[in-house]
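Next come two complexes built around chain A: one with chain B, the other with chain C.
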Partner chain A sequence: MAPSRGLQPLQTALRRLLDGSGSIPGVRRTFSSFSETLADQANKVQRYISHSNDPYLNLTIEDHILRNSPPDAAVLFLYTNRPCVVIGRNQNPWLEVNLSILNPAKTQQAKDTEPPAIGSVDLVRRRSGGGTVFHDEGNVNWSITSPRGDFTRDKHAEMVVRALRKLGIDRARVNERHDIVLDQGHSRSNSDPLDTHRTPYMIDQGGPRPLKVSGSAYKLTRARALHHGTCLLASPNLHIIPDYLHSPARPYLKAKGVESVSSPVGNIGLQNEIFQKYVLEEFAIMYGQTGKQLDIKSVGEEYLKLPEIRKGYEEIRTADWMYSQTPQFSLSNSKINEEASQKKTLTREVKFPDGIDMHLTVHHGIIKECDIHGPHATTAEFQNIQSRLLHRKVQDIRDWHSLLTGGSPSGGRTASEIAHWLNEIMPVVDIAER
Partner chain B sequence: MAARLSIVRAARQFTSSVIHRPSLIVPASCQRWQGATPSRLFSGTSAVASDKKYTPDHEWFTTTNGTATLGISSYAAKALGDVVYIELPEVGLEISAGDAIGAVESVKSASDILTPVGGKVVEVNTKLEEKPSTVNQDPEGEGWIAKIEVQGEAEGETMSAEEYKKFTEEQ
Partner chain C sequence: MKTPTAREAGTLLSRYTSATRTATICCRFRSSTLPIQQYRREFHNSTALKIVKPYLLADIGEGITECQVIQWFVKPGARVEQFDPICEVQSDKASVEITSRFDGVIKKLYYEADDMAKVGKPLVDIDIQSEISPEDEAVIEGEPRNEANEVAPSKSTQAGHNNGGIEVGRNDTKAVAEDIPAPSVPLPAEPTNSQPQPQRQPSKHASLAVPAVRHLLKQMKVNIEDIEGTGKDGRVTKEDVQKYAEALKKADVAPPAAHTRPSTAPIQTIEDEVRQLTPVQRGMFKEMTRSLSIPHFLYTDSVDLTALNTLRKKFNHQKEKGGRLSPLPFIIKAVSLSLQQYPLLNSHLNTSTEKPQIVVKSEHNIGIAVDSPSGLLVPVIRNVQSQSIESLAAEITRLSGLAKAGKLSATDLSGATFTVSNIGSIGGTAVAPVIVSPQVGILGIGRARAVPAFGQNGEIVKKEECVFSWSADHRIIDGAMAARCAESVRGYLENIETLLVRLR
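Coming up: the complex of A and B.
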């Protein structure tokens, strides 16, 4: 662990006195050795495990591995995050996430819903593609960075399936979406035990759907491919995950970018440590090593002292990355997302003023268009609302009410009602303070 | 650096080796000033597009009148699979050679689009916002990604179509 702030100057001063060099032997050597070991051409197969549960840090260390490991190396990194919702690089947080319940202590809305049992949940946008997932302590993330030339989207999911089958999970297989599922058939049929894409419990038609236990996403660079996946082992939160992933804004948003595909999920029912042990071993076997010869290095918070990691960590926590990275979208008081309107949504109906139509377009996080009209308010009222919304950066809006009414009760009833609706549909959660 | 590129293009009609002629290298401090006036001086000849170039990162670019049009190669588009979203840069963005100016998402994968030239983004292909699959259908035509007002030379390795073909065969 990094020395505390209070101790460090003292230790540094002591060392200066003792050896006169001014360097901090133990600690710094550890930091620089991470980057050095990682980038060392001789280290073709490397394994790391994080002792931090900070999702922003773990994703940043992972990105550091992607950018700094030798072009022909294979690197495994295992980490477990505290409860968080992780959206894909090109997704819309308002569409994918029920933002108002993430931080129950800070929002008034909490009293209207079932109290979430898990307290604050972090909101994260990762650098890889794909859809939204929920992480907690019962979910182990596995991540492999390998040469792009040999990369296939299935090969590492297959590796994890081999590890699971050695642990007796013979229902596990890789599906056509490169995810890992557990087949739910009751009777056994013949199946090649080495085929990671079939199980004896597969049902070709009808019957219970396979349960997804692991989802995959990828980040590709010129020479390297990062494949990371979740693995639900023993999450105590499966029953409330849908509450976090069903947004009340969904019917009113039409978004470009990538939409999540929702799947029934399940726990595998293994302890984190045993799963990690088997994945570490299977990875070593896959890359021609025996587990015993190969180190497993522990990484964590102390790496925030590395400037490059600190920089990536700050970047991934900015409101710009979280909100303004959102692909272009429209927001309307009428249900413009037909597909979503038909699906099950969290129906916390918030009333929008009668006889008014509003349509906003948000691009690069900024309200670029605002069309608002109808017979039930004056042109002056509409112009006032429009001028307060246009060109506004959504991530800067903490309270739509004070924005639209200027904080005064005489700001107009229409503006006040619209603001109330926007507060429900388009909340902005502060990342830095969480 | 429209001036230098125009000169290069004019000269290339006579010899192709002139591209790297040292006398054409302008000190970095002059680049902005040079960029201000030039294209009209050479408007007669500069309409001729330079040959298409490729990068080892699988981007292609052509340069006309000091503006580079950039996209991803057919090889890359095929390797990536169905493109579902293209992250485009903002018009007006100042960029350096080697920067990621956007990303392509396909089958849960995000891949950076790197620019081999520095300068200013002057146009992006907004059609890709509506129809990202254009990048699969016509990656080196309708599926272009951005136009960049070039300052300075392309950095890093670039290849001709033939060299690039050989490069991808070796991958």
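Coming up: the complex of A and C.
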């Protein structure tokens, strides 16, 4: 059980806070310790909603719920994040994300195309598996922690679909990949309204693909199962999401680890509050709490006072977690990722110096192998570049140019060109400076 | 959670099964009230438990066979306790923490971080220093799944679920059978079990047995759940197994326990039997009720198959049994060619909107009615218009094989634009087939018979005749069109050369 020494500061902090979620009826800010209530064996069904839009905090609270709730409890947690890109547990940020446009104010170089005007976008690595997604205020994240014994991958996605159908969204269904999609057919075939895997608008062959509105990911521990998913309700950024999720490094990177499966996305067209209300209700019904007054507890920054949450929050914001958790990958100037090369070409192609072949292997975020050769430069030059690259932690590199050329303009034209290419393909990113 | 009794069993087990551990017996003795002699057994058949065991990566469900190791939480030499995390693995959307079932010391890691670990293969070597329950044995000795697992019947693999290959996992998902919603398409079900076993509540430790007994069970191919344990807490002993085996031999000729069908014994009263509809029957009921609204125009004609059969015999003469052709693929191809001339018969009628809509389908997906053990099934051959007669024959064989085995998927059974029913394989001359909506036509083929007919000069010749019975939706198709299409099919089959020159 968690110690309650966090109680006093919590009370003061809470009193100072503005009410951020008063539009949801039944939300109560009780002053008992979050950890104590969470871990209390008597609370078999719990509901939490976050009034913070800090993605790092929300994910930390979610993990805290996973680790501290009683083994037989079911806990629902709803949260909305400010614009951020969230990658899966062992994905590769250089491969999945267009890192250069995340923080437009900080990039010094002029780009050919303007980055989208939505300001800074955070980069986050979550603890569950799955692919890369874009979050913003028009997307509500739902997460359910439940006992591992009767966990299935579909049951909570089905719960959300039931909530959506009660809101009149009868095109929604759970698909084979446990995502929630909206069918796009016109003709109505017969379908059981209670069947959350079929809709009257399903198209058997051909026709427009269903639009994905929610993706799922899971984290399983010995006794508990976490299932969380997104829900695109009313994102204003649908048209620019592809810009963030297409990386210029893609054709040049060969990585182990889970690749994202891309799907066409769409908005459902609901307001956050009404969706949350129905999900909270559906969760209560599913876990047999109708007719009882079940609390909805509001959580947020004030819980950073709890040492475990503080610790998890700090860890998820470190560069090590963000970059060094990447599984081993290879980077080369030749297009080693065949299937990425076959897809449509990116808006800008970056030039690598002719006649030179470079191959890097990065493991635990460190350049473990570095091989450069070619006829047009001296062996000494290559060895110089190689020695500057080898054993470097990629996340610590602040500028490829100064690294490879030593800062001096005479450091070699080859080095300079390679650095230019690397700046484009593996740009430097400062994370989490808020 | 281990009960105290299970712990005892484990302790005593480990005590007697490894000679090298005799030195440590004294310090492993947990319960001082139990004398050793009471539990001495002769373990002739049990395998000796070694100290260091490979710990297998347990099934994580979803049919996943391998997953990536993300990070290790232990190193060789690290001491772990039961439930300590060993490593984290990732498979597509799920990251899973693997924890230890035992106390012990890690001896060896089989993979490095980022490697793909295989399910069912060793993950680490662990020097086990805690008790090993019978369930644990499956994870360390690599035995096939033992009877202690709770496994719901795997009807899910037959139902047309798109996940495919759902396995019951011990660590991830429960059997998904109950999560799959009742499909609206007729699906094969397991043959209804009209002979239920006598219900018996299995005792709490019904599946508990020492390794020696388990080995005996495997040798005799007997299910532990069926045996009543007479040992402590319902444990199954060797004697129990032997007695059960004897009883089984005697019971071979005895009639099954509960039998609801009326027997031939004159004393018993014969009662009506109330039956629920099987899933196939339910599907049929639903479909045919829908078809009641269709006004069927019936058209029958007899087709002379003599020429076709001569051609077939010549072809089949050179072929092995598997490659021989029946008339059916020819008929289906002839139907497809005729549908090209009369495409309205290959359409779907949509009556759910206020104005009825006809969707003329470009593909000829012809359903063939197949009789299976669970009833009538209609798998669909896709794109008949671009298939050859040989490929059609192969497809027919494939689909009927699947139907008889009960392995058709929902996709196999949906999307038909026209149906052909070869009831003649069983019998019948003229039939009145029922159209399956939203299709607008159906062809029923009767049994080919040899009949006498008149030849060109008035002589009697032998003809092989087959009656084709067509039904068409008279709301869309008029008699003339149906008749012309039927004539076209007859023309192709009686003058096979006309079919030949049109083949693509």
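Definition applied: the second predicted complex is superposed on the first by the 391 of 434 C-alpha atoms of A that agree within 3 Å, B and C clash if a C-alpha of one lies under 4 Å from a C-alpha of the other, contacts with A are read in each partner's own complex, and residues count from 1 in each chain.
Here, a contact is a pair of C-beta atoms (placed from the backbone, for glycine too) under 8 Å apart; a residue touches a chain by one contact, two chains touch by 3 or more.
No experiment lies behind these values; they were computed from the predicted model shown.
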Superposed on chain A, are chain B and chain C clashing or fitting side by side?
clash
After lining up the shared chain so the two structures overlap, which partner does A:Asp192 touch, if you call chain B first and chain C second: first, second, both or neither?
second
Classify the contacts of A:Asp150 with the two partner chains as first (chain B alone), second (chain C alone), both, or neither.
second
Answer with first, second, both or neither: which of chain B and chain C does A:Glu176 touch in the superposed model?
second
Just to be sure I read the superposition right, which of the two partners does A:Leu167 touch: chain B = first, chain C = second, or both, or neither?
neither
Scan A:Leu238 for contacts with chain B and chain C and give back first, second, both or neither.
neither
Decide which partner touches more residues of chain A, taking chain B and chain C as the two options.
C
Name the residues of chain A shared by its contacts with chain B and its contacts with chain C.
88-90, 127-131, 149, 153, 178, 216-222, 256-258, 327-328
Within the complex, chain A is touched by chain C residues 60, 62, 68, 70-71, 83, 85, 88, 90-97, 99, 113-114, 162-163, 171-174, 176, 179, 181-182, 184, 350, 352, 411, 414-415
Of all residues in chain B, which touch chain A in the complex?
56-57, 80, 84-85, 87, 90, 103, 105-112, 114, 129, 171
For the complex, give me every residue of chain A touching chain C.
88-90, 127-131, 148-155, 158, 175-178, 187-188, 190-192, 194-198, 204-205, 216-222, 256-258, 325, 327-328, 363
Touching chain B in the complex: which residues of chain A?
88-90, 127-131, 149, 153, 178, 216-222, 256-258, 327-328, 364
